[in-house]
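Scrolling down, you'll hit the structures one after another.
Two complexes come next, and they have one chain in common, chain A, joined by chain B in the first and chain C in the second.
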Partner chain A sequence: MNLRSALKPGFVGGIVVVYLSAIGMVERFQDRNVITGLVGLGVVLMLVAFAITSYTAARKSDSSLLTGVAVGFISGAFVAIVTMGFEGLINAGLDVRGMFVSITPGLLETLEFGLNPVVGAFMMVVASTAVGAVSGVLVGLEYHLRSAVVFAIGITLLMSLGEPILRVTLGNLQIPTGWLYELGGLTIAGTIIVLALAFGLRWWWMSRADTRREAAAQMPEATRRTWGRASLMAAIVALVALPWIVGPFVSDVLGTVGLYVLLGLGLNIVVGYAGLLDLGYVAFFAVGAYAAAIFTSPASFLVTEEGQQFAEAGFTNLWVALPFVVIIAVVIGAAIGAPVLRLRGDYLAIVTLGFGEIIRTLVLSDWLSPYLGGAQGLTRVPAAPPSSFDLRNPQHIYYLILAFSLIAAYISYRLVDSRVGRAWAAMREDEDVAEAMGISVVRYKLLAFAMGAGVGSLGGVFFAAKIGSIFPNSFGLQVSINVLAVIILGGIGSIPGVIVGAAALVGLPELLREFGEFRLLIYGAILIAIMIFRPEGLLPNKRRQRELHEGQDLAAVDLTKEGPS
Partner chain B sequence: MSAPAPAPAEQSSRRLRFERIPMRRIILIVLSVSIIYGVVAGSTATLRTGVFTAEDWQSLFINGLARGSVYALIAIGYTLVYGILFMINFAHGEVFMAGVYTAYFVAVAFAGNGFLNSNPLLSIAILLLVSMAVSVFIAVLLERLAYRPLRGAPRLVPLITAIGASFFLQYTFRGFYGANVRAYPTIEILQGKWTIFGIQMLKTQAIVIVAALFLWFLLYLFVARTKTGRSMRAVGEDREIASLMGINVDRTIVATFAIGGALAGAAGILYVFLFNQVIFTMGFLPGIKAFTAAVLGGIGSITGAAMGGLILGILEAVGPNLFLTGAEVPSPNQLQPVIAFGILVLVLIFLPGGFLGASEEKRA
Partner chain C sequence: MSDAILSLRHVSASYGPVRALDDISIDVNEGEIVCLLGSNAAGKSTTLRTILGMTRANAGEIVFDGERIEGLTTPEIVSRGLTMVPENRRLFGKMSVKENLEIGANLRDDKAEIQEDIERVFSLFPRLKERIRQRAGTLSGGEQQMLAIGRALTARPKVLLLDEPSMGLAPILVEQVFETIQEINSQGTTIFVVEQNAHMALSIADRGYVLQTGSIVLEDTAANLLEHPKLSDAYLGEME
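And now, the complex of A and B:
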């Protein structure tokens, strides 16, 4: 091994940690305990950054341990020097925070592990070198062992981060959690138990992998299908039971996740099936929410003076309004789509983004405020009858969203191999050829666009019903980007992908308040990383994967996936 | 893109068929007629009310020209990159933001020790340099880390990356510099008005227009005359053949991003001359508008970008007041983004090649 091959990854690791510190992530995350009394999330974040850089460098090198140590040492030294530099600048009386608002005394304290600057710097180098050494050792380990170690660490982290849900859930199930959690993090004893359990389980599971694969291969097709159906049913039963297990707060989060699943499924038809990048999807979400509010709110312009005397009733109730809202959205979708769908992909993306912004500007404007409420928004969207099914109750609306998500998922699933779905696939792969084969490209694009609009507006209706009042600020570009990130992380065109994407990108940040301000930063990073490293997403749609890796060795692609489990 | 599909009715005359109604064409005609009617009716109504004097129109026009110059400079970044890589560098607005926002801290330091107003020209030059340097750095970094791994990927892949990069950069700078709006310190010699050819205008507006013209001219010479400029055009024409001819494609692409970044950095300083404020989201709208300008002028064309920028700026400044005041729309200037995006949509529908660009067929 030569030292120079460790130099670059070492600096990369150092720069990444300095970057994470300078944007305030390390300090903000440090507020959260991972193992109470031992490490916070900020430190874990740093260590993970060190680990990833030294691991990737060590994997490429022939002497992995040495490389790991060297990379870890260089990264740590870099961070330590920068920290001392800032310490010096602050001591010299320079107003560092006037520019970099995140370089706070609290951050420096974290970077120095609460010790004095020199000892802290030393500790930083020790810690990073140790992490580098561990990564180097991991590379050298046999595959099963390494996988089990990584799995155990990952599960422990997840258990710790999932504390808000898990503690409440276990509490609801009358399982004591005092031994496991303390002050928002794992206890030391809990950590050891979780690590050991996860390691053992993974080890056991992997040692039986061959037998399992054989059994699966021998299983007759009919049995396999029954199993598949049974597990799907079990999943649905679990989804139905979920809100009562996890309690109202987590149900609220689940509702939001469900909303994004719905939106994601809608956008998936447009982007995933038809291959049209729509950056203004929020437009239909807004149309749905506003139309629902106008139809149902007593404050709406549709309600006359006399009508307002009848207390809290709007023009009509939500159930009656629902089909009309969807029809309106579909018509608007078609009307917006018809003139622009001939445009080439990237132009179409920008035009749809323009439509999204136009709708938001119009909603905010004084001009339309008599109808749409302007900056004040539309309030008092009433709950729909019957009163025993309360849409404001997170556990109730969850079912509504769940039902419609399941319907949308089923329709999407059936669409893929239908005549329409095949037309979309043909169009996506080569528009000109598809047209030559007799597919009316514009008509099928329009169909996708309108269907996406309909599903998006449903999302808007439930959003309005869930929140009760809507404001223009909820309908910015970031909604479109959120939904796009959801389907791209999960895998464009993949239905399970949408669910996983929504759970990871919407559910996790809702539960980890610390993520809040970095949400869009992380989404942006995910969009870049996925596009570069795995454009087909985490749970890819097979066909899409082939399209994205056209010309590459398919066998090589398949090897990167896990075996059947 | 292919030409409009031939009418299928001619081919399958076996059974009687109604000729398909050309929905798209009908929508387009209705759209254009209603827009023309709206613009004409609104404008005549506004002019009849006489709310605005000739001087008001003049100052709106100058205002539009000034902001249009800024758009033009940013638009050049889009156009150059598109001309070579055929990708929309969606994060270009953030490149613009990064420069001015960083230069802000230099400006504050200068204002603090009085240097800003004792040596105004020197300090403006330094601010320009800082802003341009940071923007160039970010643009080159973006190319290296986010776009280069994706050369040759399907077209939407780099666009999605660019959108991700846009948000990533916005929130990175939010993390670095905070979420507040910050006001640039005032430079005293830029305050006040000049009268040029009998037209009163703010000093800043005049300076912005002249500076933008100058920079545009420099760029034009650069692309037309220098070796790098020539290799940029060659790479845009055909990357593979250019590389066979001994042109270093990677270096040329980096140079393109750097030039776009430098102009965006300069545009940033001109932007604060006009609008005076910086915040981490400031790049988004100017970025989109500059993209509109680039499309309007014909993406890929440098002259087109400049023209598109000016036209968009003027339409944006004059348009809402002219078209909407007469229609009794309250606070018409709120609707400025609608004008910009409306123009984008209309240009793409009716004139996808822009004024000076290659035709859509050739680009596809």
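And now, the complex of A and C:
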């Protein structure tokens, strides 16, 4: 092993930990227990940073254990020296907090593991070296073992981080949680049980992989289809039961995730299937929300002009309004699509970006404020009848969103392998030749745009119904970008990808709420990491994966097993 | 000629200020193989693009099957029975062989008939059937040309337009491709093929035209053209 090769990752690890400490993240995270009484989240954060740097360095080295140890040692030493330095400065009576606002006694205590500075520094080096050694050993392990270890640690962390939801959920299911959770973290016994269970399950699952594959290969087509149906049904049953298991708070988050699934599925048709980069998708979301509000709110201009005759209930109820809203959105989608769809690539992206902004400006404008409410927005969007199905109740509207998401997912699924889906794929690959083959490129683009608009407007309708009031600033560029990020993260063109992407991008930040301003930092870091390590997204569409890894697998690829995904 | 299934009458086309076709007239009769010869940049591809409406003719008329088509969109023209095998094949490389063939039939509705046409392509090119699920981009050059022709055939064209089918292929494969073109023709499809490889094209064609910087400079039966003193592969571009 070459010591120099360990130097750089070692310093990187050290600097990352010092950085996370200096911005206050470690201290804030330390308030959250991971294993109550033993490890806080701040310490875990440091250890994870050490582990990742050691692991990546060790993987590239011939002598992984030595490299891991060296990297861990250097990182830890760096952190320890910086910590002692600050300690010294403070002891010397210097006011470091003038510049480093987050260097608090509490932080230093964490970095010294609550011991005296010298012993603490020693402990830091011991801990980081140990983490480095473990990472080095992990690299050398046989694949199954390593995978099981990483899986077990990951699951344990997730179980601990998910405590707020999981404890409530288990409580709702009448499962006692005292043995597992304590003061917001796992108990020591709970940790051991979770680690062991996760490790064992993963090990067992992988050791049976071959048998399973064989069984699957020999399974007759009919049986396989039955299995597929059964698991789909099970998934749907689970989705239906979900809000009652997780309780109202998480149901609300699920509703928001569902909205993004719906929006993601719509945009996926435009970007993923037809290959049109639309940066103004929020426009259709806004059209849906505003149209729904105008049709149903008693405060809408439709009502006042009719001499208060609808004042009680609004112009009409949500169910009646729904199809009209979608039709309006589709028409608007086609109308703004028609002139711009002759543009290609980047130009289209810029123009759609413009449309998104125009819609936002329009709803904000004084000119249209008699109709759209201007900056005051439109309020008093009523829930749909019957009142026993209360759309303000997160556990109820969830079902509405779920139902429409399922429909949108089914339509998307059927589209991929249809004539339309193939035409889109051809267009995406070579527009000129597609045209030469008789594919009416403009028409197919328009179709994609209109379908995307329709689905996006549904999202808007449910958004309006869910929160009851809509304001212009809910319809900014951020929405377009978030939806696009959902489908890119999940894997462009992939339906399961949209679901995973929405859960990760929308659900995760909601659950990280207690970390306040660090939320976006974590979110950004996770996004960057995923895009570096999995540029094709979390659950990629197979065809897209091939497009991205062009040239890497020129051998014949058997597409038999590829269903639309 | 009144029995021409496809005729160009005094057609001109340009790319901006650059005139690519200057008053050309071509007739293709039903059942014939007609070739259009010309060197690089003579305007051969432009001729095909203009027929398909991908480049607009700015003068003249194009008549197909008794009706003028120069104002129609490409998909409309294709749906009437004119399909092209593009220059350099231009397959959908990320799609499977089967999907490429299905794209050719994208304008048509009848599943059974499409399946029948795909089978017909496979009987013409058994090698493609063996590779039905393979990515088109991973096929060899010869197989790609077969697939490009197959893709055009599943559109059931009355007239098949081919843009330099010999380009980039080894001589033995060129011969095979031209034999196949002849076979397709004998099964009832009219062929209009554009080539630089004059000898090869004339050996299967009934008649030929020679294009030079956007103008037709010669037209005759294939037999006569083959005998023509000025016409040889090497000097095609420098002909007076």
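Here are some notes:
Throughout what follows, the second predicted complex is superposed on the first by the 454 of 565 C-alpha atoms of A that agree within 3 Å, B and C clash if a C-alpha of one lies under 4 Å from a C-alpha of the other, contacts with A are read in each partner's own complex, and residues count from 1 in each chain.
Rule of thumb we're sticking to: a contact is a pair of C-beta atoms (placed from the backbone, for glycine too) under 8 Å apart; a residue touches a chain by one contact, two chains touch by 3 or more.
Bear in mind that the values here come from a model prediction, so they are computed numbers and not experimental data.
In the superposition on chain A, A:340 makes contact with chain B only, while chain C stays out of contact range. Touch criterion not met for A:3: it reaches neither chain B nor chain C. For chain A, the partner touching the most residues, choosing from chain B and chain C, is B. In the superposition on chain A, A:232 contacts neither chain B nor chain C. Legend: residue contacts after superposition of the two complexes on their common chain; A:89 is shown touching neither chain B nor chain C. By the touch criterion defined above, A:423 reaches chain C but does not reach chain B. By the document's definition of touching, both partners, chain B and chain C, reach A:432. Across the two superposed structures, the residue set of chain A contacted by chain B and also by chain C is 432, 435, 440, 547. Of all the residues in chain B, the ones that touch chain A in their complex are 1-2, 5, 23-24, 27-28, 31, 87-88, 105, 108, 146, 149-150, 153-161, 163-172, 174-178, 284, 288, 291, 295, 324, 329-332, 334-335, 337-338, 341-342, 344-345, 348-349, 352, 360, 363-364.
Partner chain C is touched in their complex by these residues of chain A: 419, 422-423, 425-426, 429-430, 432-440, 443, 543, 546-547, 554-560. Residues 52, 54, 73-75, 77-79, 83-84, 86, 90, 92-96, 99, 102-104, 106-107, 131, 133-135, 138, 151-152, 155 of chain C are the ones touching chain A in the complex. By the touch rule above, chain A contacts chain B in their complex via residues 19, 22-25, 98-102, 275, 277, 279, 335, 338-340, 342-347, 349-351, 353-355, 357-358, 361-362, 364-367, 431-432, 435, 440, 442, 477, 481, 484-485, 488, 517-518, 520-521, 523-528, 531-532, 535, 547-548.
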